[in-house]
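Letters A, B, C, D and E mark the chains in the order given here, with residues in each chain numbered from 1 onward.
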Amino acid sequence: MEKSTPIGLVAGFVLIFGTIFIGDGAMTFFDPKSLAIVWGGTVAGLLVTFTVDEVKGSIAMLKDFFKFEAPDYPALASQIGDLARTARRDGPLALDQRLHEAEDPALRSALEMVVDGASPERAEESLDTQSMEMTRPMVLLVKLLNKAGMYAPAFGMVGTLIGLIQMLQNLSDPSAIGPAMAVAMITTFWGALLANLIFLPMAGKVQGQVQAMMKAHDMVRVGALGILTGEAPNVIDQQLRLYVSGEDVTDPAPLRKVA
Amino acid sequence: MEKSTPIGLVAGFVLIFGTIFIGDGAMTFFDPKSLAIVWGGTVAGLLVTFTVDEVKGSIAMLKDFFKFEAPDYPALASQIGDLARTARRDGPLALDQRLHEAEDPALRSALEMVVDGASPERAEESLDTQSMEMTRPMVLLVKLLNKAGMYAPAFGMVGTLIGLIQMLQNLSDPSAIGPAMAVAMITTFWGALLANLIFLPMAGKVQGQVQAMMKAHDMVRVGALGILTGEAPNVIDQQLRLYVSGEDVTDPAPLRKVA
Amino acid sequence: MEKSTPIGLVAGFVLIFGTIFIGDGAMTFFDPKSLAIVWGGTVAGLLVTFTVDEVKGSIAMLKDFFKFEAPDYPALASQIGDLARTARRDGPLALDQRLHEAEDPALRSALEMVVDGASPERAEESLDTQSMEMTRPMVLLVKLLNKAGMYAPAFGMVGTLIGLIQMLQNLSDPSAIGPAMAVAMITTFWGALLANLIFLPMAGKVQGQVQAMMKAHDMVRVGALGILTGEAPNVIDQQLRLYVSGEDVTDPAPLRKVA
Amino acid sequence: MEKSTPIGLVAGFVLIFGTIFIGDGAMTFFDPKSLAIVWGGTVAGLLVTFTVDEVKGSIAMLKDFFKFEAPDYPALASQIGDLARTARRDGPLALDQRLHEAEDPALRSALEMVVDGASPERAEESLDTQSMEMTRPMVLLVKLLNKAGMYAPAFGMVGTLIGLIQMLQNLSDPSAIGPAMAVAMITTFWGALLANLIFLPMAGKVQGQVQAMMKAHDMVRVGALGILTGEAPNVIDQQLRLYVSGEDVTDPAPLRKVA
Amino acid sequence: MEKSTPIGLVAGFVLIFGTIFIGDGAMTFFDPKSLAIVWGGTVAGLLVTFTVDEVKGSIAMLKDFFKFEAPDYPALASQIGDLARTARRDGPLALDQRLHEAEDPALRSALEMVVDGASPERAEESLDTQSMEMTRPMVLLVKLLNKAGMYAPAFGMVGTLIGLIQMLQNLSDPSAIGPAMAVAMITTFWGALLANLIFLPMAGKVQGQVQAMMKAHDMVRVGALGILTGEAPNVIDQQLRLYVSGEDVTDPAPLRKVA
C-alpha cells in the first residue's frame, strides 16, 4: 500500500484549512459557485482532451494506484537467477513447469517466450512491446493528471476574471467591493491548491511507478535474453546484482508484485 | 463518433456561461470589439504562422476529427493473423485477392508491398514513410491548435492593455473607471477560455488520435514484416496479442476503421 | 509567393489599430520613446545573441522568406522517377546530360553524386550534410525570430517598469497618474503585439518551410539511393508515391522550386 | 568537501536578511503561519509526489552531497593506464591482485568484469547498467529538489491568496489593510527565496555531480573495454588523455574518490 | 574579435539609461541596496549551483569569449583537402612533418591519430570524445549564463517583495508610498534588464560559438576518417565543399583559428 500519498494529502489539507479556519470567514472558501467553476472546468477540459474510455480507464486505474507496491528487486533478481539455473540444468522447456511460480505478469510472459523458443531478437522486440503496453494505462494517467494540473489553475483564473468583471461593472456600493474581490479570488486559490497538492504531485508519483515497473522489466529482459543466448547462470546473476547493489535506497522493504 | 469532445465543450460552456448569467451584466461578456480582438488576433497569428493551404487543410481535417473512431485493435490483430495464415498456406501472392477486405488504408498498402515482394528492409522504410505521411495532416492540426492556444491568451492580453491604456488616459469620470476596466478584462477572459476549453484540449485529443493510429501502424508493421520474413503465423499472433492484452483499458468498444 | 504572411500581418494590424483608432487617444500608442525601448532593446538583445554576420545574413534571408514556394512534391516525384528510368536504361552516367533539368539544387547535387559513382553510404552521409547546410540559414532565422519574440515582451516590461518607477516618485499631481501609467503600459503592449503577431508567427512559418525542404530532401535521398543501389524504377516510384498520396492537404498547388 | 554550497547559502541569506533588518518590521518576515504554509505545503507536495522511502533516501543522500568530491580525472587516467599495462604484461587475471587499489567502486567493479573475462559487449552493457544504478539516488535527489523548487512558490502563492481573501472580507478598518497585505505577501517572498536560493540551485549542483560521476564512468569504460579487446596500453592512455587535456578548467584540484 | 556583443551591450544600455535620464529621478535607479540584492542574490545562487572551480573557470572563459573568432570554414576545407593529397601521395606518415601547420588543436590532434595509424572506429570515438571535452568549458559557461538569467529576475522579485512588505507595514504617511513603491520596483527592473540584455543573450552567443566549433570538428572528422579509410582526396574535397557551399551566409569573413 502506497502510504505517502494519503499522508501528504491529509497533511497538506489539514495545514491549509487549519490556517484558513484560524482566520475569519473560512466558509467563504467553500463558495459552491467557485468550486463548480474550477472542478467543472477541469473536468470539461479533460473530456475534450481525452476520450470517454480513456477518462473511465484512468479513474479505474486510480484504484491500482493506491494499491501499487514497488517491485521487490532483490527477490526478483534471485527468482530470475534461480529460473536461469533450472533452464541451464534441465533445458529451457523445464521452465514450463515453473511458470505458475512467476506471479509477475511480465516475468511469466517472458518465460513463455523462452519456453516457446523465440529467437533473442524477436524476444527483445516482444519484451519492449509488452513493457510499453503494460505501462500504457499508467502513462495515460500521468498525462491526464498533468493536464488536470494545467486546467485547474486556468479555470481558476477564468473564474476570477468572471468575478472581477462582474464586480467592476457595479462599483456603486464601496463596501461590497472587498467581499466581491474575495469571492473572485477563491477560484484562483482552488486552482492553485488542486494543481499543486493533488494533480501534479500524483502525476509525479504515477510517473515514479512507471519507472519502477520499467526497471523490473529491464531485469526480466536481462534474464530472458541471458537464458535464450545460453549465458551462464552466474553471469546472469552478476548482471542482475547490478540492479540491486548499493544501499538500494529507494526500495528496501520486501514487496512482491512487479507489474 | 467522438462523443467526449461535444460533451466536454457543451458542459464547459454551459457551466461558465451559466455562472455568468446568474450574475449581473452578463451581456458585457459578449462585447463585440473584445471578441473581434481575440478571434481576429488569433486568426491573424495563425495566418502568419501557417500557409493558406495548411489553414484550409486543417479546417477540412476538423471534420475527420469528429468522425474519428479509434482502431479496433483486437479485430485488427485477428485480421492480420488471418492474412498471415493465408500467406503461409497459399503463398504471399494469395493476399492479392484479399486486398479488398482490408478497409484500413495502412493495412492495404502494407499488403500490396507484401504482394509485390518487397524486401523486408525496404518494406520497413516504406511503412515508416507511409505512417509519417498518413499522420502528417493530423500532426499539423495539433500544431495549429497549440499555436491557437498560445495566441488567444496573448491577444487577450493585448486587448486588455488597449482597454487599460485608453481608460487611464481619461480618468476624469470616476464612475466610468469600473465598467471600462470590466470591458478591458473581457479579452483576457475570452483568451483564457478559448485556449483552455477549446484549443489546447482539442490539440490533446488529436494528439491522442495520432498515437492511436501509430499503434495500429505498429501492428500492421509487425504483421507485414512477419509475413515477409516467413515468420510462423502463430508467432505473429503472439506478437500482436501483446498489443491487445491487458484490460485494454482505453479502447474496449468494437470499432472499425484504423486510419 | 507566400501570401498568408502579408494577409495575416495586414489583417492583424488593421484589426488592432482599427480598434485603437475607434477609441480615444490613439496617438498615445505611437509614443516614440516607447517604440524606441521595445525595438531598440530587442535589436540590442539580438546583437548580443548573434554575430553581426548572422544578423545580416538573417535579414538577407527574409527576402527569400517571402519568395519561398513550397516544393511541388508530385512533380518532384515524377521527375525523380523519370531520372531513375534514364539511369536504368542508359546507365547512371547518362544522368550527366540531364543535370541541367534539375532546377532544384538538392536534386542536382544528388545527381552529381550518382554520376560520380559515390558509394551509397557516402552518398547518404553527403546528402545529410547537404540538407543540414542548405537549411542552416533558415534554422538560424527561426532561432533569431524566436529570440526576438522573447526579447520584445521582456523589453516591453522593462519599459513599463521605467515608466512606473518614474511616475511613482512624483505622485503630487493626481491627475497626471492616469496618463503616466497609460504611457508606461504602451511598451508592454508593443512587446506583446510584436512577439505574437510578427516574431513568433514568422518563426513558425520559416520552421514550416524548413520542414517542407526536408521532405523534398527525403524524396531526393530515396531516389538517389535507389538509383545507386540499382533499385527498379517502379519500386522507386512506389516509394516516392508514399510522399504524395493522400489528399496532399497542405500543398495542392503546382509549384516549382524545392530549395 | 563541497565549499561553494555553504558559501553561497550563507552569503545569500546574510544579504537578504541583512537588507531586511536594515529596514523596519523585520520580524514580520518570520511570521510562523507563513513559514508553516510554505514549508508544510512543500513537504506535503513532496510526500504525494515521492514514496516515503524515496524521501528518506533523498534526505540521507544530502549528507553525501556535502561530502562529494569531484573525481580526480588525471589520477584516474594514470591509474587506469597503469592497470592496462599490468593486464598487458601479466594477463588480465593479474588485475585480481590489484583490485584493492581501486578505491573507486565503479573502477573496481569494472576490473572484476575484466578478471571474470566478460565479453566486451556484455561488459559494456553491464557498465551502462551500473552507471545508471550508481547515479540513480542522485538523479532522484535532483528530481526531488526540482519539485520542491516548484511547490515552494506555488504554496507561497496559495498562502498569499488565503491572506488576501481573508483581508478583503473585512475592509472596515483601513489602517489594518496595509499590515494584512504585508503578511499575505510573506509566503510569496519565502516561496521565491527558498526556490531560488536553496532548492533549484542545489538541484543544479547535484546534477553537476551526476555529470562528473558519469565522466569518470566513461573513462572507466574506455579503460575496461580497451583491456578486454586487447588494445595497446599507450592507445588507451591516448584516449584517456582526451578527457583530461585542456586546462581542465573545472577541476584542477587533486581529489580522490570517483563515485 | 567578437564585435556585436560590445555593440549590442553599449547600444542597449545607452538606450535604456538614456530614456531614464531624460525623465526625472534617474538616480533612484542606482539604489545601492537594490543593486546589491539583484547582483548578490544572483551570485549566491550561482555559487550554490556551481563549484568554486566551475565559477572561476567560467569567468576565465569569458576572456576567450570576446576573443573568439568563428572558424574559417573554406580555409579549413582547403587545408584538409591539401593534407589528404599529401597523405595519398606520400603516405599518412608524411603528415607528421606537416603537424606544425595545423594551428587548430582539433585538426592537429586528428592528424596525430592518422599518423599513429588508429583504426577508423577508434579514431571516430576519440574525435567525439575530444570534441565533447573541447567544448565542455563553453557548454558550462552557457549553463552558468542561463542560470544567471533565471536567478536575476527571481531575486529582482524577492527584492520587490521585501520593499513592498516593508512599505505596507507602515502606510501612515501617504506621500511616502509612491517613492517606496518606486524603490521596491527597481530590483525587478534590474533583474529583467540584466537577464535580457546580458545573461540570456550572452548564453545564446556562446551557444552559437559551440555550434561553430562543432561544425569545424565535423569537417575535421570527415577529413580524418576519409584519409584513414583511403578515400580519394577529391572525394574528401567534395564532401567538405558541402559545408562551405551556399552563400555561407553566417561566416563570410576570412578568419583563422577553429577552436
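Throughout what follows, a contact is a pair of C-beta atoms (placed from the backbone, for glycine too) under 8 Å apart; a residue touches a chain by one contact, two chains touch by 3 or more.
As the structure is a prediction and not an experimental result, all values here were calculated from the model.
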Proportion of interface numbers common to chain A and chain D (over half same, under half different): different
Using mean CA coordinates as chain centres, what's the gap between chain A and chain E in Å? 40
I'd like the Å distance between the centres of chain B and chain C, where a centre is the mean of that chain's Cα atoms. 25
Round the ring starting with chain C, chain E following: which chains, in what order? C, E, D, A, B
Mind listing the chain E positions that touch chain C in their complex? 2-5, 7-9, 11-12, 15-16, 19-20, 22-25, 28-29, 70, 175, 177-179, 181-182, 185-186, 188-189, 192-193, 195-198, 200-202, 204-205, 208, 218, 235, 238-239, 242-243, 245-247, 249-253
Which chain E residues qualify as touching chain D in the complex? 33, 36-37, 40-41, 43-55, 57, 60-61, 109, 116, 118, 122, 125-126, 129-130, 133-134, 136-137, 140, 147, 150-151, 154-155, 157-159, 161-162, 164-171
